[in-house]
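The following pair of complexes shares a single chain, subunit A, combined with subunit B in the former and subunit C in the latter.
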Partner chain A sequence: MSAPRTVSRTPPARSGPPDAAGSPAKEPPRRPGPRRRRGAWWFTPWLYLLAPLVLLVVFTWLPVVNMFGYSFTDWDGISPTRNWVGLENYTDLFTRPQLFQVFWVSLFYLGASVVQICAALYFATVLSFNTRLRNLFKGLLFFPYLINGVAVGFVFLYFFQPGGTLDTVLGWFGAGPHLWLGDPHLVNTSLAGVSVWRFMGVNMVLFIGAIQSVPPQLYEAAALDGASRWQQFRHVIAPSIRPIISLSVILAISGSLSVFEIPFIMTGGSNNSETFVIQTIKLAFNFNKTGLASAAAMVLLAIVLVVTWFQRLLFPDERVEQS
Partner chain B sequence: MRRTALAATGVVLAMALAACGGGSGGGASAGAAKVPGDPSKVTGTITVLTNRTDQVQDGTAKRYAAAFNKIYPRVRVKFQGLTDYEGDVRIRLNSKNYGDVLSIPNSVPLKQYPTFFAPLGTSSDLSKTYDFTDHATVGGNVYGIANIGTANGFVYNKAVWKQAGITDWPTTPQQFIDDLKAIKAKTAATPYYTNYHDGWPLTNWGNALGSPSCDPAANDKLADTKEPWAPGQDLNTVDTLLYGIVHDKLSEADPNTTNWENSKALIGTGKVGAMWLGSWAVVQMQDAAKKAGKNADDIGFMPFPTQKDGHFCSVVRPDYQYAVNVHSRNKPAARAWIDWFINRSGDAQATLSISSVKGSALPADLKPFQDAGVKFVPMAYGKTAAVDEIDKASEIGLNNQDYPQHIVDVARGAAGGDIDGIFKDLNKKWSDAQGTVG
Partner chain C sequence: MTVLSGPAIERYPRPRGRSTPLRSRVAVFLKYLSLVLAGAVVLVPLAAVLLTSLRTGEEMAGGGALAAPDNWLNFHNYAVAFTDGHMLRALWNTTFILFFSVLGTVLIGSMTAYAIDRFHFRFKKSVMTAFLIASLVPGVTTQVATYQIVNNLGVMDTRWAPVLLYMGTDIVSIYIFLQFIRSVPISLDEAARIDGANSFTIYWRIVMPLLKPAVATVVIIKGVAIYNDFYIPFLYMPDDNLGTISTSLFRFKGPYGAHWEVISAGAALVIIPSLVVFLALQRFIYNGFAAGATK
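What follows is the complex of A and B.
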């Protein structure tokens, strides 16, 4: 356990004047005022934004608008013609409560995101201090996020196979084999475990970033007052990075509601593991009900938006003052 | 492979952008694409979309194109092998750019064929030469011709069955299950392998429809049957067998981790007793056995374990049917390719499949069927459009994997309910959907 004052982060910027010796004398010494070049090149920043904006509009906004349109039609996804059916798809959806039953699967992922955020917080805190091989561990923990989701799915298929890696390892400790994906009571836990493994790293990196912005004097002061590591975390770190934690929680909850690729690749939604998105995909592509599926997608979007809004209402984003 | 993927991605992107511009593909009804009379006058470049990526990669496709060029020297044939054939082509159908020759994706409803494909001739003409034309006939015109048909049955490992002391094909579902029990008791093999995880091999159970009743109209009858899962109906018999196999623990322990490629080696080396598949699979299993250093002759094929009037029946269904894009600029060349491929390429024989050309000899792997007097039942598809519509509306998905997967799940206790509950539910969905469909 190293003392808090050995926090090995870059110290805050020095308060003295910047070293100007190297800068060429031609540069005007004063900062250019905001009124400079009024009118000319006002759109320069927009030029930089052009590429991402075009991508965003073409691949996110237009499809969403299109989908909203489809949700009022009986389009089958193939036919060149489609008929306007008004709200029929939405009535159809809401008169079939079994379509919403699949949301209980999300609870598993919700539980998993609690585990994920706690683990990420723990590792972020530990790795922010002077731990041996700190950067190596950061890399190792972040690595799963860099792997393509399809690859992750396939790797874990072998991992969960009867007599596969997990069973072998558990066997060393005398635990019996389980049907990790075949057992309907275990399958969602197994899949949610894969999610935790995959996304914990990215949360950790977010938290590390936030923890690094906490002024080191606070730790020193806390250490002088005799605060333990847990107390430091509880009273210094956690309050300072609250906005990032609440952001992570929002992402985790909206993510849990719209889980898709891991269950889709690993089980195809069979054996109790069907999520709302998988169900929607099946409506659209197995049963040619693109209109109904679009409506389902709009409903999911609405649910996610409402949940997020509700969260913001419960936990408003306060500015954290760090002295 | 990578090039194909890249090209496909590029095309899909282009298509997505084009689709944004709006505009619906028109249903321009052009004249029938006839087989050209004089091969030397046919010109143009045609693109053939195919699911046979293996043939594109190992050069078989190129060899076919070269042989084709000997007769049609002025036609250039290009191939696009698509790994996810159904998914890719389905999206491309929204544009005009879906090759010149393509296999008709299963997701296109029959009544929309005229929107996407050029008529190849009248049904009365073509049905004299080819089998299965009624599967793609709309308003008297044929829109697709299959290259091959597939008989359905159990691929099994003869050595394993012999080891369990079974020499004759079972004649009733109960006997089949008893035989599997004997295999479980006397050999180390898993009696039956579902291929549950990959799903699509499991969908083949839907193709057993017609085997118990020996009725070529079994599919058409679904259009008017209120309860297709009532006792005595084909679907009841078939699904009860699947349920029974899994319920008696005669299939693999964890169906969620099955692996199609691996299953070939499993049956080839005698670790699995049987799988319900099409006759096309026999060649692949024999190859796998050979690769594993086992005897390829161990792989056999047996019909569905029911008999009618003292003989077995095996339903023969068409594989993908070849069609010409209605927007193609080179329809004569495209039609010439289809005609040549089905009649002259020898592809059906090379893959040990039943050629759809009437009067062709049966392939060698179906010789035992012939010897045992198995009756081949070619399915009639007069009411496919109506059956499709009910199937989609009911969200049962006779040819989707969810339906057999659910039966397996219930059978092994992974989902609640029992077989009677499943049948009751399916019957209700089916008759409800019949009411909503015109």
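What follows is the complex of A and C.
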């Protein structure tokens, strides 16, 4: 990879007399920056970047490249030999329905993230205005995000037990019990509900932060014009916090594709609840199909990148204003 | 960036003009109803676990999930969960990983941001792009190949595997530091340089102290993520002795499969530290997350 090679290659090239006299002479008159006199050798920045770049390459770039390579082989992850199989893994993925079915599961989580973002927008708006016990509700709704994933899994495993908490509470209102996790048609809805419970608060806190940095004059003007709450939201709040909404949408999409923890802890992926990442992990580490698992991961990565690219295409300038 | 907390928005009068008093009273009622319902949705599952953790094995046999325990001070299950679940060891492992990862992330993030913001050098654009593209790759997708790398590095099944992974994949903290470092005036660097300071002294003595808010943000976001992470310790530290808070709790599932009172106590033990930290640092935590999101 290019970056670290530069690091290791360049110092010997000119490392002879790296003294102060050499660098100011060849420095172009760019901004009157701090790079002057002592301690500003040309390789100084690379000293700071050495560790970050090594880590970046070893733990992000190298895996992506290796994985791309593995995806065309039949490697089992252990044996020293691997055979080139071309696109076989990819055709496998898209033609075998039991491998492809994980994409349908993601749709449940995608639906859940729509609910999650709408709820977060509603509560953020409500809690940004005059409301009693504002901070209490804000803390209450945010707290689930801080809870350990395994603990969340256990809390809801108990919650959804036959005759457990949910059935008890629904019983008070006259609704009958359901097999929340045992019913293949219901399991993904239940699990997606858990992820709304867990992540709604963090979206809400982000939205509240964004709403509070909107210039107050805008609300004043809207209020003077007699705008209703909904009109204020529609014409003042929503446009002002659009960047953070679109960021949340993109995170929600890539999040719903890479769901792992909750279904793995609660059901182990049984009963129709297997997600893409659970399947990949099982393929790689339980069935030793590293080649196939790599192809699956490449597909997931490609989808996430395409979605991100598409989002930037639609909302091009949004990061710029934040930096 | 900084969240304006305070009553800036509240001051403005509600639009009274059109809505009749009755309609607005219904709206207010619905607003509080929705808040109370949402609060109940958050609390009921947690309350059920808390109540269960205080019940005895016999009590579990009868009574609904939300029945109160006979003795509110029955901490027997907590003792079982704490000792049999090896929670002390888990706490130590988690603390070890948390300390070194957060330390490494802060140093690496701030050094990268310092180098990128304060120096002009060739390939700077390429370095930025390398970090930027990496930020689009979700960590979970590359685990199959990362696993092989960790294996080849010989740190598999040691506490250093997660430390390296947490340090190595953290792009968000670099962006947070970059954003904060831009607000530190360059004239400070120059003044120090005239006094004879070299770049490391400037980084360590001048810039770092001014980056305290960024450090707090990174420590909070990273700390929460590591304390709650299950995926990386589960995959890279399968050894029983290397259980973290998450993986040790996960192992309750086998031996205590049907003993919900013990599992509940374990879950409560893990949740309580989060609750305490949250109550103590509420404001910083909100600000941290709001700052972290804008990258």
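One rule holds for everything that comes next: the second predicted complex is superposed on the first by the 215 of 323 C-alpha atoms of A that agree within 3 Å, B and C clash if a C-alpha of one lies under 4 Å from a C-alpha of the other, contacts with A are read in each partner's own complex, and residues count from 1 in each chain.
Just so we're on the same page, a contact is a pair of C-beta atoms (placed from the backbone, for glycine too) under 8 Å apart; a residue touches a chain by one contact, two chains touch by 3 or more.
A quick note: this is a predicted structure, and the numbers were derived from the prediction, not measured.
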Contacts of A:62 with subunit B and subunit C, given as first, second, both or neither: both
Partner chain(s) touched by A:270 [first = subunit B, second = subunit C, both, neither]: first
Contact breadth on subunit A, by residue count: subunit C or subunit B: C
First, second, both or neither for A:287, with subunit B first and subunit C second: first
Which superposed partner A:77 touches (first subunit B, second subunit C, both, neither): both
First (subunit B), second (subunit C), both or neither touched by A:162: first
First, second, both or neither for A:181, with subunit B first and subunit C second: first
First, second, both or neither for A:140, with subunit B first and subunit C second: second
Shared subunit A surface residues [contacts with subunit B and with subunit C]: 58, 62, 77, 161, 164, 285
Partner subunit B, residues of subunit A touching it in the complex: 58, 62, 76-81, 157, 160-162, 164, 179, 181-184, 187, 267-272, 282-283, 285-289
In the complex, subunit C residues that touch subunit A: 1, 3-5, 8-15, 17-19, 27, 31-32, 34-35, 38-39, 41-46, 48-49, 52, 64-66, 108-109, 111-112, 114-116, 118-121, 123-124, 126-127, 130-131, 134, 136-138, 140-149, 153, 164-165, 167-169, 174, 178-179, 182, 186, 189-190, 193, 196-203, 224, 227-231, 235, 245-247, 249-250, 252-253, 260, 263-264, 266-267, 270-271, 274-275, 277-278, 282, 285-287, 289-290, 293-295
Partner subunit C, residues of subunit A touching it in the complex: 2-3, 6, 27, 30-31, 33-40, 42, 44-46, 48-49, 51-53, 55-56, 58-64, 66-67, 70, 77, 119, 122-123, 126, 128-132, 137-144, 146-151, 154-156, 158-159, 161, 163-165, 167-169, 197, 202, 205-206, 208-213, 216, 219-220, 222-223, 226-229, 232, 244, 247, 254, 258, 260-261, 265, 277, 280-281, 284-285, 290, 293-294, 297, 300-301, 304-305, 308, 319, 322-323
Complex contact set, residues of subunit B against subunit A: 17, 20, 24-27, 87, 90, 93-94, 107-109, 112, 115, 196-197, 199, 253-257, 392, 395, 397, 400-402, 405, 409, 414-415
